[in-house]
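Note that chain A is present in both complexes that follow, paired respectively with chain B and with chain C.
And then the complex of A and B:
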């Protein structure tokens, strides 16, 4: 398997993100995640640069690495040119590859993201489109969005979009041959493998917890569990 | 000497923005939540400024949201972006203009990484060839669509129908601008004014007669946080960060907020509704919230476009108080009509937020 630190060090983002941290805490001062969660990017940097395999493994299995919002505010401010947000991205990748992400409540959410966003990219060619922002899953979108969802074709036409039509324009249908190219790219570059890894470990976890899980889509109990569970310990 | 030195320092904060012939790449979020903004951008560019903007139906997502939620590996995102470069090359263009700050940040990250790790670029070229048999040239000019509106702000002013001025008092409207973290925090040299003096939106606002509010949390994240919004259990992160900004801007009594990034525009609008419904508070003195515009909507209003053609009815916070201040005539009864003037019903009223 190779040492965890060595594996992290194969990720370009890790190489670019960690040039030696002097523990000044400037990143923590500016970090929106540190403000909200029990989270401290300075400690993340210090832990990984210690090269302590046990501590790195604990980090990979922790809730902590899932708290960052990838805003990259830390990149601008670090006096040593580190980017804790990039280090987090490398840690998350490795945590998923090793299946450690299912050890934490926040890590298990990767399954919901894969099912909701990952599958939508390959199905529609978009990360997000009106069809996946359902008012039930998004009550915060409010009554105007509810009205838009009930009248999407009419409103999109009024806005000059090309909703679900062929040709150029906003929210057009992405042609099957283009989706085939996307699929090919996902295959060749390792994204399909990443999706399969997330699925495999999530299914294992669902079985262990005795929660129903389907082969695709969001209509299953495990999806709703990881999408909504919050044990209330993340901010303290 | 001193002024020469200053000039030199300021040059670091400028960036090259191509003058014409753009390859346009749309944004998933902008198309979904602010479709009228992309339409307005093209109308301004093509009809009002006479520029050549090309769009290819084969363009897709950049996978940015998948990448920043960590389900999509870096190599995949790079290859998808390389495919867009290939479409641009095929169409004979060299200037690429993403309509999304997340995309713009990613395109910038890709080009920067390839500069430092040329072997990565070679690997991506192999991947793209293997998957699609496509080849590409890297763009000569990469800018965000708002950079172009900034560049042509004075031409837009010349053709404008209104200014960002309170019609009744004659005073400049007070505007909060939000440029979005990925515009310049990752690669400051790629944003106009860098991360320290971002002027992409302030340039537009001031050129069109408004005044900019400087408030303590001006550069704080809107709170999107990718997984922190997309997963329901995490949304407290997202709304709390927006709330921190609203509380910080409230004492300055903004007339409106304008945002660079489509995600930020949506959150700053929707979270005001959520906070109103959850806590019974708004950040204005009328219980209606602070209207939020995209920069295209702001430019469109300045150009005299109809508010309902721009899509301002798709906002949860009502824009009418702003339209009244600007002296823009509108028909309230036409706000929610369909494309052919047909009745398609109206949104329900929120419990607390006044609309």
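And then the complex of A and C:
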């Protein structure tokens, strides 16, 4: 398997992202995730540059690496030209590959993202579109969303989009040859392998927890569990 | 000694240039100082009291002026050098107005320039009224008036931000400017003396207290004056609706991001090489340090000689230095210049 640190070093984002952190705290001070979560990008940089395998493994299994919103604010400010957001990307990928992500509540949500956004895009060409965002699953959309979802075609027409029609414009149906191309891109870039890895480890976890899991889609207990679980410790 | 005919041109009449001029003058050499401003003295004219002992800057200027009285070098002001052309046996020094001077040796002592804090946009200098630099504060202290906010109020809470324009790849300056930490300590104490009720916070990454009595002053700032030092670099400053300032940093020792409000923020601006030094260095074929200061030909044995024979460097045009270090460096340059000139003379007599 090789050392975790060496594996991180094979990721171009990691090589780009870490050029000797001096622990100044600028990234943490600007980081929106650090404001809300128990999260400190400076500490993450310092942990990985310590090359301490135990600490890196703990990080890969932790909630911490899933708090970053990848907003890249840290990139704009770091006086050493580091990009903690890139380091997090590399850590996440390694955590996915090793299956460590299933050890944390936030990490397990990788499964929900894969099943929702990941399958949406391959099926419809959209990560997210109004048909996919159900009011029950997304209370954060507010009460208006229920009304919108019941009147989508009319509203979309009023907004000037080409909802579910062929041709050009927003909300159009994505042509089959474009979808085929998208699928191919996911194939050759390794995304599909990544999806399979997430599936494999998630199924393993679901079995371990004795929770029902399906082969695809979001209609299964494991999906709902990882989507809604909140142990309440993330901001403390 | 009276038969010495060799001529040395010193570019820059700051502490480095003036101290070298007196030493070389005392050794009997003909010296010409070319200073671009109307007056000599360099940055000393901007400072009120000097670290580490609060000696009035005027006293050091007086000391330098006395040196000139005894050994009267030729001092030409309003003489801005733009380039040097090294010839086989002498140096040609060219001024902005087209005048040309020649000499056996040129000593570059063009000093530094204060980092332009506007480049660090996220700190809001010249955007938010109550964000000032250490240079602005020095002017306020020198004027004798109380330190005030733009609205004319007594600031209750004041922040000093370390490393502004230094140790920062984003602005292209990776070097440490060395004097700003101690300047921050000195100014924090001076402000506290004026405003005993004010709360003062210094935001630093490392306290670089390298000089004699620096650490002692740092301890005094904490113990006697109650100044708080927070280890965290400031990421940004924003103005509140009432004109106070909100500052974001991480207290890295407790691992917490924080937002604090201040009435006045002082940016401890660092040093960059003076404008024009780059062009002068290039014209003379000199090398540069990573911080774009003029490089010497040896970091240990010979900090004042360059790779171009007959061209020497001293003071803050080669690296950030305090006044005391600058004066020492200027005298060291003098010794090197004298031995170089003697060698040259011996060779030409043989």
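Quick note on the criterion: the second predicted complex is superposed on the first by the 236 of 236 C-alpha atoms of A that agree within 3 Å, B and C clash if a C-alpha of one lies under 4 Å from a C-alpha of the other, contacts with A are read in each partner's own complex, and residues count from 1 in each chain.
As a working rule, a contact is a pair of C-beta atoms (placed from the backbone, for glycine too) under 8 Å apart; a residue touches a chain by one contact, two chains touch by 3 or more.
These numbers were taken from a predicted model, which means no experiment stands behind them.
A.B. asks: Of the partners chain B and chain C, which touch A:43 in the superposed model: first, second, both, neither?
C.D. replies: second
A.B. asks: Please indicate which partner A:147 is in contact with in the superposed arrangement: first for chain B, second for chain C, both, or neither.
C.D. replies: First partner only.
A.B. asks: Going by the contact rule set out at the top, does A:209 touch chain B (first), chain C (second), both, or neither?
C.D. replies: After superposition on chain A, A:209 lies in contact with neither partner.
A.B. asks: Would you sort A:29 into first (chain B), second (chain C), both or neither based on which partner it touches?
C.D. replies: A:29 contacts chain C only, not chain B.
A.B. asks: A:125 contacts which: chain B (first), chain C (second), both, neither?
C.D. replies: First partner only.
A.B. asks: Which touches a greater number of chain A residues, chain B or chain C?
C.D. replies: If we count touched residues of chain A for both partners, the winner is B.
A.B. asks: Do any residues of chain A touch both chain B and chain C, and if so, which are they?
C.D. replies: Residues 35, which sit in both footprints.
A.B. asks: What residues of chain B sit close enough to touch chain A in their complex?
C.D. replies: Interface residues on the chain B side: 26, 28-29, 31-32, 35-36, 38-39, 55-58, 60-61, 63-66, 68-76, 78-80, 83, 105, 113, 116-117, 120, 127-128, 130-132, 181-182, 184-186, 188, 195, 219-221, 223-228, 230-237, 239-241, 244, 270-271, 273-274, 308-309, 311, 313-316, 336-339, 342, 344-350.
A.B. asks: Could you pull out which chain A residues touch chain B in their complex?
C.D. replies: Listed in rising order, the residues of chain A that touch chain B are 11-13, 16, 32-33, 35-37, 66, 68-73, 75-76, 89, 92-93, 96, 105-106, 109-110, 112-114, 116-118, 121, 125-130, 133, 137, 140-148, 150-151, 154-161, 166-172, 174-175, 178, 181-182, 184-191, 194-195, 198, 226-230.
A.B. asks: Using the touch rule from the top, collect the residues of chain A that touch chain C in their complex.
C.D. replies: The touching residues are 22-31, 34-35, 40, 42-43, 77-81.
A.B. asks: Residues of chain C touching chain A in their complex?
C.D. replies: Result: residues 122, 163, 167-170, 205, 231-236, 248-252, 255, 257-258 of chain C touch chain A.
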